[in-house]
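For clarity, chains are labelled A, B and C in written order, and residue numbers in each chain start from 1.
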């Protein structure tokens, strides 16, 4: 396991060396995305007195919220859906039927290794650059910070499982570009990456309470800001974990059905 | 010129046919493209749900800008795919040699060879949003306004094409390619909002370095009657001409470099 | 020089590349991040030759010999480091658009047709690109159809063609604008025997009907045998040989080989009785034997007949020497026949580095 990880880190590092420009511009891309929303929120508060709160957020809270949202995105992001679609198109997916690791394990394992690697090489530098450029606040306290870290890991799980489920659709239809895009923009809006749930119309906020998406960006950022403490904090993490578990079960069930179908069809 | 035009029509009709041959793929791509447009507009609508204005700009003004910005962006996107994927498709996979083997300017061939028809959706939706927001703002459209709209749509698309041609040219010089496209592509977002909200530094970069401010914001102030930008408002065609020349020069230099280094 | 107006004239053509030397391992990778080392590689080294109008010339050599670099310079894609090329009175790299208008190029591994379009649609677009009037294009397609038999394929999307069909269409595409000079890079690669024969026949026909000058690079010696009376052999950027194929073959006829598999092992002495002293026999497997002989002295057919008469033979073959092995032998034994004075260009002034 450790050896697999070091081998992966080594390969990742060598790839990073080979694509050094791509690496620097990756950091730049995240910085640009944060700055778009930083300036938009700054303009929202432009004519308000300092310290004014809108929907419970001061400008400094919002800047921190947006920055943290993008920072953890650089960690949890993966392309499992596209990778599965590519495997299906190339007809390579059947090789996973014969292997001891299921496609779910292989895909999420690989994505986890990649995320760990990116944590050090990508998220780290992005965090430094963003903290230097924008007035991002610190965590509300040690408990809030610890909860934020745990929550970011759960964000990874939810994001990865959602991607896996979208990837499964590739077995049914070759044209999943539209679905992948739909997932992308749904997550972008309903995860709270661009704005906290508090700014949503009531009906949309209510709907998002019953969906897993808000646990990808909103929950970790809100925990960082100390929006939940004590039992509430545990409750938030618990909800997130519950969604991760539900999605995991859904992934396993879907893959199981897919395996049975593939075996019956003879691969 | 007439030959190029007839050639382009030829390519366009052919790629239309080729795309429609895989109907499911085409519909899926169209759906994806529509969603991206809708998500952007939805963000603006949601943003204004709880806030009164954006640094002194009203909801309809921002929506007008946003919609208008999609018109040159959509025209640009008809051609953009080959520029964006130039390094991978043409340099790494070696298709560029084939362009050099044909008796036509390489950049013209590149822009023609693949069209993304779904981008027309952006033009249509953007125009719809701009007209709707314009009606709410009580804008009256004179013949001159309509002419200006056409000029802005084309000039704005030229600016975007020129910037990404320059970036594509970089792949002639650097081993490590596609990377620069993504951050600059993301910079386009800034051009969809009122430029002053981004502060003086970023505003200057978006006006004088990567002139995305001239794609929509400055020329749009003509319609919105914001006289603070009177001087820069009508510079868009000039900026487009200057960047088109610059883009061609850098491209020519890049091709020369490619042919003499053989990389 | 006897030919007054050569289709192609090349003098002391040289091309060097800068090659990035990747360091090994993690530490090396880290150092590459900061500073890169380059090495100079001489891909084409002062080669000179001329090609007469209507000639078909084979350009051969092992991988990395400089064949494709040479082709890239001759087609005007790549600018030479030094030396001169003159094609139809033009310098290809300086006058690219005018040059490519009168050349055709086929790269066996990469089609010039658009993948998703029907063949005829690709042809129409190419006609527009090369500025061929519609009537002339239709006439040309008819004439090419008569040779290449592509009429039935015109409505098919390129992606649905077999490799052999695609190659025929690619050949037609490269000839739509009636080029005087044709470059063929591995025109038979990946094709089966029947398709290979077809392509060779088409190329002969095209050469005969349109008097097209052709330069062919290939790994397949049969392409050369059937198409090119004259070959250029490149190795490590240098022109090793310029002359008829026959003389190269003659020089190696003394090393012709025959492999035979018998149903049951036989003593070597029994085989040595066949062909007499002119044939050397070796046992190379449990039931496999190899004869080495001079085909000018011993006819391969007679040898085979004698074997079949006296032994129970399960398999018998006379392997064609590969270009690699011929060149390796030329290189190792220094057995290069002297270049033919009429075929080669004079050495450049000042001689070689």
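Before moving on, here are some points about what is shown:
Convention: a residue touches a chain if its C-beta (ideal position, glycine included) is under 8 Å from a C-beta of that chain, and two chains touch if they have at least 3 such contacts.
Keep in mind that what you see is a predicted model, and the values were worked out from it rather than measured.
The interface with the greater number of C-beta contacts, when A-B is set against B-C, is A-B. Of all the chains, the one whose CA centre sits at the greatest distance from that of subunit B is C. Closest to the middle of the protein, by Cα centroid, lies chain B. Centre-to-centre separation of subunit A and subunit C, using mean CA positions: 54 Å. Chain centres here are Cα means. That of subunit A falls 29 Å from that of subunit B.
Per-chain Cα centroids separate subunit B from subunit C by 46 Å.
Multi-chain contact residues of subunit C (touching two or more other chains): none found.
Contact of a single residue of subunit A with at least two other chains is seen at positions 20. The part of subunit A that touches subunit B in the complex is made up of residues 18-26, 28-29, 32-33, 35-36, 39-40, 42-44, 46-47, 54-55, 173-182, 185, 188-189, 194-195, 198-201, 204.
Every residue of subunit B that touches subunit A in the complex is listed here, in rising order: 22, 24-25, 27-33, 35-36, 38-39, 42-43, 46-47, 49-51, 53-57, 174, 176-180, 182-183, 186-187, 189-190, 193-194, 197-199, 202. On the subunit C side of its complex with subunit B, the touching residues are 15, 17-18, 20, 69, 72, 75-79, 93, 96-98, 100-101, 103, 105, 110, 112, 114, 116-117, 121, 124-125, 128-131, 157.
Subunit B makes touch with subunit C in their complex at residues 3, 6-7, 10-11, 14-15, 17-18, 21, 94-95, 97-98, 100-104, 109, 113, 175, 259-262.
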